[in-house]
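By letter and in written order, the chains are A, B, C and D; residue numbering begins at 1 in each of them.
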Amino acid sequence: MIYTPKDKDYLTRVKESFDRQNFMSLINAKLIKTEPGFCEIHVPYNINITQQHSFFHAGIVGTVADNAAGYAAYSLMDKNSSILTVEFKLNLISPADGELLIGRSHVLKYGKTLTVCRSDVFVVKDGVEKICAASQSTLIELHNKTDH
Amino acid sequence: MIYTPKDKDYLTRVKESFDRQNFMSLINAKLIKTEPGFCEIHVPYNINITQQHSFFHAGIVGTVADNAAGYAAYSLMDKNSSILTVEFKLNLISPADGELLIGRSHVLKYGKTLTVCRSDVFVVKDGVEKICAASQSTLIELHNKTDH
Amino acid sequence: MIYTPKDKDYLTRVKESFDRQNFMSLINAKLIKTEPGFCEIHVPYNINITQQHSFFHAGIVGTVADNAAGYAAYSLMDKNSSILTVEFKLNLISPADGELLIGRSHVLKYGKTLTVCRSDVFVVKDGVEKICAASQSTLIELHNKTDH
Amino acid sequence: MIYTPKDKDYLTRVKESFDRQNFMSLINAKLIKTEPGFCEIHVPYNINITQQHSFFHAGIVGTVADNAAGYAAYSLMDKNSSILTVEFKLNLISPADGELLIGRSHVLKYGKTLTVCRSDVFVVKDGVEKICAASQSTLIELHNKTDH
């Protein structure tokens, strides 16, 4: 689906919000691509963000899915709006075993108040990308509320 | 609901698994209480795990809900079993604004293969505890698979 | 949790809305109890609403969970508001094998715009009640919109 | 994604299971298309399956999403297997206002035990098709269990 952003400076707005999330910097997450209604985030493997089998922790997988959804949705919002995740549901499909975690999210429906996104999380192992999780999220636009 | 654990050393098994999750130590998460079918995890506030408004990041909230569910379920499993989260759904109910995040999870149904848990996440601000998120999870027991 | 309804005639409002849902009458669903923030709905067994093993169809189980959540939330809303389900997640815990299906839902958080409910669905077999499903829902209040 | 079915008679198996669901016949649901890992189900409008605004009831929307997912998954399973829905999450995106409801589901991951599907539900009004709901489901394959 092709979306026309209401705010032509959506990219700056998304980047600034992402940069205000300290947790993104703690896990070395990078905002790789933002288009109207789409976002891609990468997190490189690090032993500090693992679970008991030394794979990426499910909490990191969920973080990547949720954040990609949030910024995919935020790219379409008014410049004076803030965004919150209402809820998300995540299926962990295969072990997040690899050197890089990639979250990609698409807006499925952008509404006046609520936006629905679908996200896929991929893990790259020895250069091969494989889906490891899938999520569906609901986001809310808070009009006339700053993001910080 | 009262559960009788199949493995009387469930507490040791849960603690050892928790300690193998490096991500728990990165965010300074503590396993506070484990009973058959119940688990409570605490994460103290830290500026490194925040989102753009300086509250706990939704990814941390999800992590706490998911991990509490995982160990609540794991407490009931066979000593030779491993556990994986199949999926979870999280509602973010109010801002995670406070000095401590508490995740509590109860097993709703322990099955031969699949287990369903409900988790609540609370935030403590100035000593007052308030619900900030609620989740429902499905976990799978992998029989005869070690946890590490 | 104890809720004080904003509309003292909430019971009439809930009943009238329920009665406007033709699907409830098709499956012979009954609104058994409505309290502020709570709702209970019953559906008797009928061979027409079954799946391939002659148990209640998952679609009926979902309907009962969703509708109980909707009316639990609606009981707390303004008299001039309408309600819509934003989303729900349902775990089917055991077969819905019995003579009566019971949905009970509690409001977990009533917000200005969004409300979160948890529902349990029970099946009664030979007089014994057993949980067969659990759900978590998000509802939206549409202010100044009539329900019909 | 292209799937190769393990049972070359998957179509017959899916049809027979669908026909054993009395609830499908009550709501006049039709199995329109089944391919390996895909299923499409139609339900024509009928005043008996409506909610308070005379649109398709959310319970019917959920039923169509869940059943399409179930048969998309079932098409890939062993001939001696039975299937159960573990859980599903449904976002209701816009009112199901129209003359026909269409559920389409794709298998995202077919696993030995668990399968994950994504479903879209569309409503057709005056001949124009529009998305009205989106879901994500987890299904379980019960090996060596008959479907009836």
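Everything that follows uses one rule, which is that contacts are C-beta pairs under 8 Å (C-beta built on N, C-alpha and C of every residue); 3 or more make two chains touch, one makes a residue touch a chain.
This one's a predicted model, so the numbers in the text were calculated from it and none came from an experiment.
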Quiz item: Compared with chain A, which chain's mean CA position is the farthest off?
Solution: C
Quiz item: At the chain A/chain C interface, shared numbers over all numbers used: above half (same) or below half (different)?
Solution: same
Quiz prompt | Rotational angle, Cα trace of chain C fitted to chain D, multiple of 5° | solution = 180
Quiz item: Would you say B-D or A-B is joined by more C-beta pairs in contact?
Solution: A-B
Self-check item: Distance between chain centroids, defined by C-alpha means - chain A, chain B (Å)
Solution: 22
Self-check item: Rounded Å distance between chain B and chain D, as computed from the means of their C-alpha atoms
Solution: 33
Self-check item: Contacts with 2+ other chains: residues of chain D
Solution: 86-87, 89, 91, 138
Exercise. Going by the contact rule at the top, pick out the chain D residues touching chain A in the complex.
Key: 89, 91, 93-94, 108-109, 111, 116, 118, 131, 134-136, 138
Quiz item: Hey, which residues of chain D end up touching chain C in the complex?
Solution: 17, 20-23, 25-26, 47-54, 57-60, 62-64, 66-67, 84-92, 147-148
Self-check item: Interface residues, chain C side, partner chain A - complex
Solution: 86-87, 89, 113-114, 138, 140
